[in-house]
Each structure stands twice: as structure tokens, then as C-alpha cells.
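Note that chain A is present in both complexes that follow, paired respectively with chain B and with chain C.
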Partner chain A sequence: MKKRYSLLLIVLTVILVAAGCVNDVEVAVDPDPVDEGPRIFRKTASRVTTLNQQIYETTAESSVMRFIYGNLLERFYDEATDNYKFVGFHATDLPTRNDDGTVWTFTLRDGLSWDDGTVIDAYTYEESYKTLLDPKLANYRANVFFDDVTVKGAEAYWKGEITDWSEVGVKALDANTLEFTLEFPCPKIDLMVAFTRGGPTSPIKMDLFESCFLDEEKTENNYGTSLETTPSSGAYKLVEWTRDQFRKYEKREDSPVAAYYVPTTIEERVVEDRSARMQLFENGDTDYCSITGPDYDKYQEDPRLVFWESTTVWSMFINMTSEEKAFLRDVNFRKALYYAMPRDIITGNIYQTAIPAAYIVSSAKIADADTGLRYRDSEVAKAVTPQNNGYNLQLAQDYMQEAFAVHGKMVVQLDYFDTSDNLKRVGELLEQEYEKAFGTDVIDVVLQAVPWQTSYENMENGTYDIAFGGWSGGEFNPWSGMVVYTSDYASKIDQFKSEEFDDLYDRAVKGDLIFKTEERLQALAEMEQMLFDAVPFVPFMQTRTPYLFSDRVHLITGGKYVSGVGFGIYQSKLDPLATE
Partner chain B sequence: MIRYTVQRLILIALTLFLIVSIAFITVRMMPGSFLKSRNLPEDVRLIIENKYHLHEPLIVQYKYFVSDFLRGNFGVSLGLQPKVPVFDILKQKIPITLQLNLFALILIIPLATIFGITTALKKNQLYDHIANVLVIIAISVPSFVFASLMQFNLAYRAGWFPILLSTEKALTWSKFHSMILPIIALSVGAIAGLTRYVRAELAENLNSEFMLLAKAKGLKQIQAVFRHAIRNSFIPLANMIIPLFMGILGGSLIIEQIFGIPGTGPLMISAINANDDPVTIAVLFFYSIIGLTSILLIDLSYGVIDPRIRMGGKR
Partner chain C sequence: MSIKTSSPPKIRKPFEFAHDRSQQLKDDKFETEPIGFFEDAMLRFVKNKASIVAFWLIAFIVLMSFIGPYMNEYGYKDQNVTINYMPSRVPGLERLGILDGSKVRRVRYSSIAEKYQESLIEIVREYEISGVRMADIRFNDYIYRGIADKYYFFGTDALGRDLWTRLWRGVRISLLIALIAMSVNIFIGVVYGAICGYYGGTVDIVMQRFIEILGGVPTIVVMILFILYYGSGILPIALALCLKGWIGMSRMIRAQFYKYKRMEYVLASRTLGAKDLTLIFRHILPNAIGVLITMAALAIPRAIFQESFLAYLGLGIQAPEPSIGILLAEGQKVLIDHPHLTLFPAILISTLMISFNLLGNGLRDAFDPTLRGIE
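Right after this comes the complex of A and B.
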């Protein structure tokens, strides 16, 4: 009997001990590169809520849709120019427009089809857009036709104000010709971006959609919620989908853009746990991995590390219309905080993968769609960008003294997200640096942990002193991104309001400047300057995500991040797996 | 017995109705929207929310809810899996959670019983002391720590197990192989907790007067223990099964996340975070049914475990 007890104890002890100490094992080496045959690309991904392109909300979904849903256009990395390029996908070529830019026409290819052979033509697109704008369905993504590209009558139809579809500016003139009539002119790049990659402007398979209604009133539809209800019009077909666990795609060789894609199969494993993602990559089970948090310390010297640039610039928002604290309304106080912001320390010690940003428009945003020129590389942007990452302690102290002379000692509460250790550390650093720079007899920074949702609500309601926040946005239209600073923006989190800014925004986005490249660029710089002058927030960093790729992936961009196409991952040469 | 069972079933129905009503009011009073995009214009947001009557007075919303509820219609998910009927989501996720946790139960109950009995019989001896230390460690260290340690050392470094749960749909050997670590991670804490409970109950019964009587009647120690002491110790143990059973269906948020298991673990929290009211209410309703039914079954089983207990008796 004693032996049995001991045996059981030994088994349990072995399990507990083995969990704590096991030696390293060797990692298998891939074979030499071969350029032919099937190629499997393996990656980790996030869970998706829906693959109905008319109601999805997050990038997790759009990253799946880019494989399986086609669109009129597509964009790829162009080796010849070392930049992005737009090509026709379901369309033969880029769209043409009338003189004033209000009527745009796409010519569709012949022989387009869904994965089951059903034909796709201009009528499929028109029907899809009629469904997108169907008021009974209340599709969240319908706003692509009244925010991104303002199609005539689209918003009124979606809201049920007009019921006659012929009044909406979408028409299939014949099986190969699709015409859009817009409320006001639209820059070519905006239109091209709106019809690129799988998303709300991708066609839906009407017969399948009709069979997916859940109620007689036809208000709820489960299209795109399972493998059976998710068709493919894109470069890949979804062949396996275990919700929240696994997705597999097979390349459609008959796709017009098939030649651009190297992997013949893409396998995605849903992994939410950071450590598990890392272990899979290091084990050779996946082909790339983002590096986050403490892992960066381990890999920061790794020569394989490449950085994905983000359009998000993080800022410290200041309640410039505070009724309680007059000093927050004083621009001298806000400028003092701007020039004393220790951006280099924040990005050097806390957010090590980020870069210091004393500016508002991210360096990933493109100002000239034809040349790929980034806004921050333009001369007008350089002219308004503060020197030395915006750090000038003497100037900051001068501004603060002016504020102090008027208001006396200033006690300010800085809200940080309660779930973010890094933002807490930034808060602590700012408390220390500001009090050191200006003196504790001048300023007292009080830190307060707040749930992020509450913090944003407080900012929207103007019931805060100082809080962290960030805006991202598309890479191709920095002008549209400025909408968040306009006076009437619905989810506005700053308190900046300027008619001059609003007018300039309107002119640049839907007015007389949209086809005037130089003037439009100048307008963007002017808008940024207005924000620098008023200081409704203090920008401090632009985030970047570091990635590691396995040795079998030979990035076509050589690891350089190219706005609009990233690293061109799916165009990159891929060595075969040992099992292939 | 039948009358008692019917009475209890009626009470369960009333309790369920109360639970879902309270749940409905609570979740509808929570701030936020299932629409997370901050870029959505306010009028667009309103139109979409109005489709689900979210801006009607609470009493009107409750009327819609009750009329659907009584027809067994919980609606479709709004945030987690938009447009998917909520019970389809549960149907999708319950099998793998059940599978894993039933294996865990198969490990937990016998091991905990064996450890509990042996430590009670060897009370205050070296075996008991060692087992107690291990039990304390297993109870004190959260299961996700075990899970992460095992994943890192046994799966990643040693390569003895897959890092994540296999994606195979059928229960094959390779899938079972990938389930071993999550099963152990799920079991360690429960085995320890139950071991302590069995040990304490049995140790108390071993010193009771009926054991003296049993031995005085000529039963050997082992006979007395198995015929009398253990049976008496199992009555309070039955109560432990309820939370254990609920745990089975609830899954484990962290462990499922660590091993990439598409189970029910994160469902409740994700639904609340996503302001997905239909899913939140449906999950709560489902768990309530399981909980209340389990309690009824446990109550009814008392009579089987101990014939002295009569259900529904007036005196």
C-alpha cells in the first residue's frame, strides 16, 4: 500500500517539477530554398466576429477579407519603383472620370466568377451596393458611400428618405461597365482606396445572401458567419474555418491577381496569448510574429527585426475649455507642457518600439498618391515640424512662468488607462519631469487611473484635465484624417474648435483644393500649424510594431516598410516547408 | 418524490424568469454600445441601434424581450458574432469545453478521492504532510501559472506535447495528446481542493461513534471505512460537485486562451465587454439552467447516498 501512495505522489511531484525545469531542445533547420511547387504560409491571427463585409468593424476581419473577397482594384508592392501600385482586379484598369470628378467609371473584366463558378459582373456589384444600402438591414459599413466616397443619394436611400434606387448614383450600364455619380468631386486616390481590398465595396453573392435571411421581414442575415455562408470572389478561397481557432485558405489560380500572390495555401491559427504566439514562431510553426512587451528586450538586437509603421500618434489631450481650471485654457500653460514633453525618454525607456513624435500627422501617411511621397518628407511638413522632437526646456519654462504669473500654483490631474502599465509609467515620468522642470511650487501633477472607455468618454464630454489618447486613420488621405479635429466631429475628444480650420478642411476634402496638389499639401501643413498654435493636445509618440519573419520568408521589400503595402508579405519569396 | 420534483421544477422556472429579467435590466443599464467604431457618425450609430430598440424606454425594451423569450427566441448576437443566433454560438463552443472538462473530471474525482482517503487514513504521517504541502501549492498557485509553465517547458522546450490544442474536429489520439496539458492545468487546483475536503470529512468520520460501533460489531478497519465512513463523507461532497460541474461548463478564460481552445471560457466576459446583450443574457440563462438542474439532481441524489434522507417528506 505504501508503495502505491508513494507512486502517486511521485507522479504528481514529477509533473510539478517537470513544469519548472527542462533543458533546451534543438530547432529544426529548413531545407535549401526552392522556387517551385506549393507554398504554405503559416501565421497566427486574431479571432474574427463576422465575414459579412457589410457589417464588420475591426482590422482582424479586414485582414481575412483581403484574401477571400475581391474588389474592383487591388494594390501591391511594385519592385520597379520600390513603392505601391494600384492595379485592376475585377476591373480591367484604374477608373476614369469626367472633367469635374463627379462621375467615375470602372470597366469590369470578362469571365469573373465566384469560387463555385457563378458569374460576377457589373450587375452583381450594383445589386451588392443596393443590399449594402438597404435601410432594413442597417449595415454599419454603408457609410463607405457617404463618408469615404459620397455617392449621390446613398445616404438618403440608406436612411429611407428615398426609396427609388434609380436616384442613387450607382449604375451598371452593362455587364462590364459600372458608373458612380458623386455628390461632390473626389480625389482619385480616395476613390481607388475605397474600391481596393476585400471590404464593404466587395461584391456579395446574391443567391447565397438571399438564402441567409433569418426572418421573414428580411432584417437579419447570417451571410459570412460560417464556412458554408462565406463565398470567395478574391485571390483565395476559405476552405476551413473553425471559429476562434483556425482558418485555411487555398489560392484561386483563376483569380486575375493570382500571379501576385506567392503562397498557395495560407493557414491561420487564432492565438490570443502573446507567449504562445512567440513559442509557435520560435518552434518554427509559424512564419511571422509581432514582438510586443517584454519580448522586445530579448529581440531588439536581432537583425531579422523589421518595423511596421503605424498611423497612430499618441498625444496628451488638454481640456482647453475647462470651466473649473482657468490655467488649462491658457495657451502658455499648454505650450509649456508641449515643449517640456520628454519624448526621447518615453520612446527610449518605456515605449521602446515607438518613435518620438512632436507632430500630428503620422509619418506613415502619404501626401502624393502618384509619387508615394510621405507627408512628413514634404518640404511644407518639414517647415512646420518643431526641431529637436519638440523639446525646448528654456522655452517651456518661459511659457510656464507666464502662466504661473496669472494663475499661481497649478494642480492638474493626469488620467491614464488603468489597464496599461506603460501609460502609467509615462504618467509617472511626466509627473516627475514636469515638476522637476517647472518646480513643485508651480505645478502639481496628480495621477489618476481610469478605464480607457471612461477616459475617452470624459474627453468627449470635456470632464477631465489631461488624458492620453490617440487617433489613427488611413495611410492614403491625411486630409480626411483631420476630420477628428473639426468642430462638428461626432466622437471629438479634443476641445479645439476653429472655423478657419473647418473651412480649410472642407476645401481640402471636398472643395476647390482636391485636384490642386501643391495647394492641398499646403493646406494640410496649415491645418497642422493651427493645431500646433492652439495646443489642444501634446503629441508625444508614433507607434511601430516590430515583426520577426522566419528564414523561409524573403521579404520582397527587403524588410523596408512601404506605406500602403507594408512588407509585401504575400508577394515575397517563400521557401518550401520541410514537409512540402 | 414526484410531487416534490414537480414543485422544484416550477420553482426553477420562476427562478429562471427572475434571473433573466434581472440580467436584462442590468445589461441594458450598462453604458456603451455594441458598435465599437469611434469613427461611426452619430446619426448612423443611432439608426443601427434603433433597429434593436436600444433607445426605447426600458419597459418597452423589456416587453420586446419577454415576448421573444417566451417564444424561446434569444435573438442574434450583436457584437461577438454579429447575426449569429445566440444558441448557435453556445452550440459551437460547448462541445470542446465539455470534452476537455469531462476528461478533467475523470481525472479530478478519482484522484481527489484517492488522495483524500489516503491522507485521512495516514493523517499526521509523512505521506500526509507531503501531500498537504503539494495540496497547498496546487491551491495557492493559480491554474494559469501551471498552464504557462507546462506549455513553456513541456510543450515548447521539451516538445513532448503540442503548444496549442489540435485543430482536428474528431477526438483522435493526436487531439487527445494536445489536450493533456490543458486537462492537467484544469485539474490541479480542483484535485487539491477536493482532496482537502475529502480528507477533512473522512478524518472527522473516522473518529465518530458509529465507527467505534462498527468496529465493536466486528468489522475490520478497512470494512468500516468503506461501508460507513466514506459513504457518510460523500454527502457533503455532493455539494462540491455543483461548483465543479458549473466550472466544467464555464470553461476557463485564461487556460482556454493560453492553449488556443475555442471554448465557452471567454464567452461571458467577452459578451459583457462587447455589450452583446443577447449573448450575455443567453449565456447566463444557460448557466442558470445547468446550475439549478444540478442543484435539483444533487438534492434528489441525497436520498440515494443516504437512505435516511427523504425528499419532500412532511415530517
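Right after this comes the complex of A and C.
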């Protein structure tokens, strides 16, 4: 009897430890059973040009691929923990790794198939990745293997520097085992995110892909550009596609994750105009829509209102290496702009639903994948976050006086995007607020409308005074998001360069800090502090989008935004349509 | 066959003077005053009631564009974001229930007592959303936001700026752009058309082919590229409107020159040694003055319209300067919820367009030589 109790105690302990370890990073378990019967989810979406996951460019394209292309893993809302969880999709389980985190292995399920019954196995994946990295195709999305996750030899193969595929760290050991060898150790969360959701790491249907080449040299391909050339390996199959008008998806009941998805059919109307989308929702023709600033007045007390947090932080970039205007190089001038930035007014009165951001890393970014701890909620982040949303007029005036004493009256041109009403308003507000705060005898802000593409080009070339810009990035890796501020970043739009910053970045992303949770978190805060000190830009706002859902959608998160899975829309209970 | 002949009757005096020699032969004296070209045109113009009304409307709008922005204490770029999107409110009219500063908003029923008690005018509709009792209420926004003593005649925009002030200033800028565009178009059109029409031959053929090539280039594309390159200030926009705007004018002037250059008085002047410039500008061009004035009157609304169109595409003048197009472009995005931002600029631009067109038509009729002396 005593032995039996001991055995039971051991089993219970093991279960509890296991449960504690996996927390929100769980293996696939049977989800709650969903309602039976057809359920149609109706939404509006944007145009898509291609569904070729190797070259897509837009969020709209990514959204479609999420439905129709499978991947090794998938991410869902977990009611038990009120957080996200990763589950195996084409893989049976989460990946395993060697001791130093450079070799990762996925085990694939048996019986995986495309919608036409063609088998998907580890060899399909390897062949897909070989195509993705094919130097002749020069695929835009190939960087997934040399960005956060740096697969050995991948970049060299893609650039044509090596031609032997066996030197690339992607191997199908057998039909069920796929192994990745990395250049640098990689945190588990980064690897899991890279192989989640339909996208560049989804398998390609090779026979179809081969038949889609348009030239003998095999450099041009129309894979994923029509219903006939778009296969499905995901939870849904694209069954109707009227280009620029309508798309329809039917659930694949044989998908390993089918039980997580409630809608049996998803219908998408292509509507680009905001007002038309709103009107469709009001008429009951769609099940959700987003709301922009001007409409918010009308819906601000609507009980259906929920908010989607974004990883995008908007900033006002300052050309801190300007050769023409010495005052832009003066940190006192830049700090004056930082502390006089009226963030509360911008977010409360112009954007209405945005969050004032005196910081660089968005509050939606997660610092600890195991616990779901957001970086901004961590103590180290709180320690570097400026008080009062970074607004301190007296301090700003002191800094500006110091700059004025050296440079005299400062005339600065503020570029705003000519297509953005809100940024134009922010520009107009800043012109007034800065001139009021510092005096028109000290500063003269001149506004200039610029196409957003030109504005970003100017920022990259350093041919501007002050301009708006925003960076977003993945929710799970705030460290890799810091790459945009490193000295050698290809599309760098700020002029900040610091070896110290670069070293810390390398250590946190590819070096010795990867598996040291506390030190890595500290490093992120230090990087943020360096940017605060140099002020190459003045962050002012983190976007937050309000959404309305129809009464037939019962959000599984209860309307709460959960990082990584949002509102769990497709897991949410859906009432049948009146005509169903 | 015999032919019978007879002698003609004898006439004593085969011809007689119509008038007696004792009568004095002379022209009748004109009872009316001699009348010039412009006077004649004016006589016919004032008989066109629609044109006269249009003229006074334009005069009023132009006058208001100068004095309107100074009729209250708000500057065109004075912001107060806490009172953005205020509806229009006009003293006197508010008692009639129009332009009274009220608006309709969807609120939770419980909020009526909490927030809108003082400003509530009426409950328009009650209903439920997701089990929550809701209501559409009409309330006085000025009382709600604590500025019951303020009046914004045309309301405020997204940054709380007075639309009355911005609209009149916008009219001034739109008219300025139109005026610059019209002047440049007339200058280029007259010179180009005059050279084509006067010299004719190879010169005309080459210059007309150039016009045809230029005319084949899509106007909007050229204008957009021009503004993208030079930036969207008042002058770049005005000049963008001139890139092809002078073509019609030049054709009209060319036709006038072809018509008049072979007239006898021109030939006489040439024979007497007049130079080309004298012939062009002194003898021929004045005949086209009527056409010029008419075309100018019709070019102004076209320029205003094109400026508004560019503003719709986001190529309007730099913030914070307003123009009618800018105000319309901003207003139409919030048309449903804040119609006042579109309504007043739309009324004004419509009035301007109709007035200028009526005026142009009136001028065309007035200067039409075929109608001279008819009325």
C-alpha cells in the first residue's frame, strides 16, 4: 500500500512538473469540441496579388496563407492558461534540440496530405526549402532562414556562393524527421515562431510548382496566382477566388488542427474602402470590422468594442548627422523635442485609440515566452521608461535654450506622409506645440508633405530634417526588433550608430545571452536606454486598433487581446446565420 | 411673214432727279450716342440677369475671402484639439433649430444621466446591442464640452480649428492659384497662338504638331509628376495647372489670327511698313479681346476644380494652409459623422463654379460680334 502511494506520488509529481514546464507552450491536445453544423464566418479583406509564399509582400496575402498553408507548428489561444500555446500541426510535437541549441529536429505526422491527396512528408519540406533558397529564383522571403533563425549555409546557398545543397543545414533524415542545423544557437520561441502559420516555411506543392514555370530558365513562376495554381496544405482550402472581389474557404476536416477552427466556411469580400467596410458591418453582411479615428466617436460606447494592440511604435526621426543643420546634431535640441512631445494629445485627440509611447519597444512584445511576460511589464523596462509619458516641458525648454544659445534660431522642416491625414494632423499639431513651447523666435517648424516611399528613402539617405516613421516586428522577439537600430542594418532609417549597441545586440540575438533570461532582458533595457540617451528619434505613439464583432461571434478571449493570438477569432463560438 | 414695228413713245425727260434741286440732300443725324465695342458688350451683358447675379456673387465671395478670416477671433491655424469636430452654431439661427451646435451620438443609456444630462436635447431612438441598452441622442455639443458661450459658424475641424476662418482663407488661396494659372495660361496661349496664327506655314505646322504631342500626354499624370517633383506649394500647383492649360487658349487665338490677318486694314498697315509685332499686338490681337476675357472667366473655375481634384489625391498645398480642395478632401472622409466639414466648402465651390460659368457665358454672349446691335 505504501509502495502504491509512493508510486502515485511520483506520478503526480511528474505530471505537475511537466504541467509547470510546458505552461503555455504545450503539445497538441484535444481541444474542446466545437459546435456542430455549418458555420460561415464573413469578413472583408484587401486585394492579394500572389499566394506564392516565397515572394508575397502584403499583410492581406499573409492572412490568406494563414488559412490555406499548413506549417510544422501552429499557435492557438489556450483557455486554460488564458494565453497562447504552440501545438504541432504537420509536426507531431514541438521541436527538440541538442545541448547548445544549434540542431533542432521536428517529427512529422503520418498521413499528411495536400487537398488533392498528394502526400506531405519531411522530404516535401526539404524540397520546398531548397526551392525557397534557390538562387535563380532569388525569393524575397528566403530571409526567414538567415534572420532570427540562421540556418547553416542558407544565405550562402541563396546568394549562389555555395551550390551543394548538402552544405545547407536542412535535412530530411527520413519521411518523418526534419532536422535543422543553425549557425548560431537560437531560443526555442524564435524557432517555433519561424515555423508557425502559413508563410515562407510552409511546404510547396512541387509538382504544381514545376508546372507553373513560365520560362525555360525556370526563373518566373505563377504559382499561387489563381485558384488552379493555389493548393492547400492548411486548415482550409481555397474553393473560390474572384480576383479583387471575393474569396471563399472551406474547412478541411482531415487537417490535424481542424478541431481548433470553428468556422466551416470563411467568406472574404475584397473591400479596400474603410467606409464601405463599416457599412457592410452595419448592414450585418460581415462579422467584424476595424474602426479608425473619425468613426471612433460614434462607437466609443458600443459594448462590442474591443482593442487590438500593435507592435508598431511611431516615432519622429531626427537627422542627427545632418551636415546642413548643426542644431540637428545637437543632442540638446533632440532632447528638447523628446520632452516637449505632446503624446497624450496626439493619442487621445487625434488617433483617439492609440497609446502614448515614450518608449521604443511596444507593450505588445513578449519578453518571456514561457510565462507570457510582456517586456514593458518587466521591472527593467519600467526602470528605463520615462515618467509622465516622457512629457516634461520645463526640461524641454531648458534643453532648447542650451541649443538656442549655440545655434540661434532654428528652422526645421518636418516631413509628413501626404496620404496620411492623421500624420498630417500630428505635424500641424507639433508645429503649433513646439513653436508655442519654445517660441517662434527660437524655432520655426515648416511642414512638408512627402509621399511615404520618398520620405523613407530620404531617411535612409539622410536627406531630411525631421520625419515620421514606424517600426513593427514580431511579438515574440523584442531583441531581434532592435536590428533596425544597428549600424549595418540595410534599411536603416535613423542615423544612430554605436558599436556598444551593436555588440549588445549581437550578444542578445546570436551570442552568449541567448539562454540567459535575466541578462538578456537587461540587455534589451540597456539598448533602449542607449537610444533614449542619443535621441535619434522621438517615439510618440503605439497604435491600438478598435474592432467591432457581430453578436454571432462569441470571442473566446472574452474580448481581451492576447499577445500572439489576438482575440482567437477562429476559435470563437459562432452562431449559425439565419439562413444556415 | 411680216413684222410690225412701232416707234417708242416719246418721252420728254427720260430721267428726273429724285429730289428737287431746291431740296438739300443730307444724311440723317443719329439720334443716339455713338457706342464703342466694350460699351456695346456691357449693354448686352447687363441685360443678362443670370450673369449679373453671378458677378455679384463672385464679388461677394472675393470680398469675404479678404475680410472673412478676420470676422472672429480665431486664426486659420489656431488649434484646440479638445473641441475638434464641433458642429456649426450661428447666433439667431440656433433658435430656429438649425445650425444650433447639436449632433446625434450613439451612447449607452446609462451614460445619458451620467454625462449628457445638461446637454441632452432629445432621445432619438432606443435599442439594444449585445444586451446593453443603447440610445441615439441629440445633444448640444457646445454645452457638453463646456463652451456654451462660443460660436463657430461653420464648426471646427479635426484639430479644433475654426472652419469659417479656414474656408474664407481657403477661398483666397484657391482663387490665387486660379488667378496665377489663368494668367500664365493666357500669356503662353496668346503668344503661342499669335505666332502660329500670324506666321502660319511651316512655323504653324511644327508648333501645332508640338501641341498635338503635348495634348496626347495624360494631363493628370503630368500634373502629379510635376507636383511630386517640385513639391505641393501654391506656385507649383498653379504651374502644374499651366502645363497643358494654355493649349485651348492658343488654339482660340490662332483661329482669331487666321481670321483677321488677311483683312484689308492689316494689309494696308503692312503696306505702310508696320512691323510684325505692331500688326500682331496692335491690329490683330485686340479683335480677340472678347475671346480672351471669356476664356479667362471660364478658366478660373476650371483651375479651382483641378486644384480641388489634386487636393483629393493628397497633392494639395502644404499644411496648415487651407484651400477649398483641401477642406473638401478632409471633410469627405468624415462626411457621415461630421457633414459640416464637407457641406460648407461644397456649397461655396458649387456657387463659385456656377457663378464663374454663368459669368463666362454672359461675357461670351456680350462679346459675340454677331449679336452686336441686335438688342
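Following the convention adopted for this analysis, the second predicted complex is superposed on the first by the 544 of 580 C-alpha atoms of A that agree within 3 Å, B and C clash if a C-alpha of one lies under 4 Å from a C-alpha of the other, contacts with A are read in each partner's own complex, and residues count from 1 in each chain.
Here is the rule we use: contacts are C-beta pairs under 8 Å (C-beta built on N, C-alpha and C of every residue); 3 or more make two chains touch, one makes a residue touch a chain.
None of the values given here were measured: they were computed from a predicted structure.
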Considering only touches as defined above, state whether A:424 meets chain B (first), chain C (second), both or neither. second
Of the partners chain B and chain C, which touch A:221 in the superposed model: first, second, both, neither? first
After superposition on the shared chain, which partner residues are touched by A:243: those of chain B (first), chain C (second), both, or neither? first
Winner by number of chain A residues touched, once chain B and chain C are compared: B
Between chain B and chain C, whom does A:275 touch in the aligned arrangement: first, second, both, or neither? both
Could you look at A:515 and tell me whether it touches chain B, chain C, both or neither (first, second, both, neither)? neither
Contacts of A:350 with chain B and chain C, given as first, second, both or neither: second
Where chain A meets both chain C and chain B, residue numbers: 275
Which positions of chain C touch chain A when the two form their complex? 77-79, 81-82, 84-85, 105-108, 111, 129-132, 134, 158-159, 228, 231-232, 314-316, 318-320, 330, 333-334, 336-338
Which of the residues in chain B end up touching chain A in this complex? 31-32, 35-45, 47-48, 51, 76, 79-85, 92-93, 111, 114-115, 118, 122, 127, 130-131, 134, 137-138, 146, 148-159, 163-165, 167, 169, 184, 257-262
Would you mind writing out the residues of chain A in touch with chain C in their complex? 275, 294-295, 297-299, 301-304, 345, 349-350, 416, 418-419, 421, 424-425, 427-429, 431-432, 447-449, 451, 454, 551
Applying the document's contact rule, which stretches of chain A touch chain B when the two form their complex? 2, 5-6, 8-9, 12-13, 15-16, 18-25, 49-50, 52, 55-58, 138, 140, 142-143, 147, 158-159, 214, 219-223, 225, 242-246, 269-273, 275-276, 279-280, 282-283, 285, 453, 456-457, 490-491
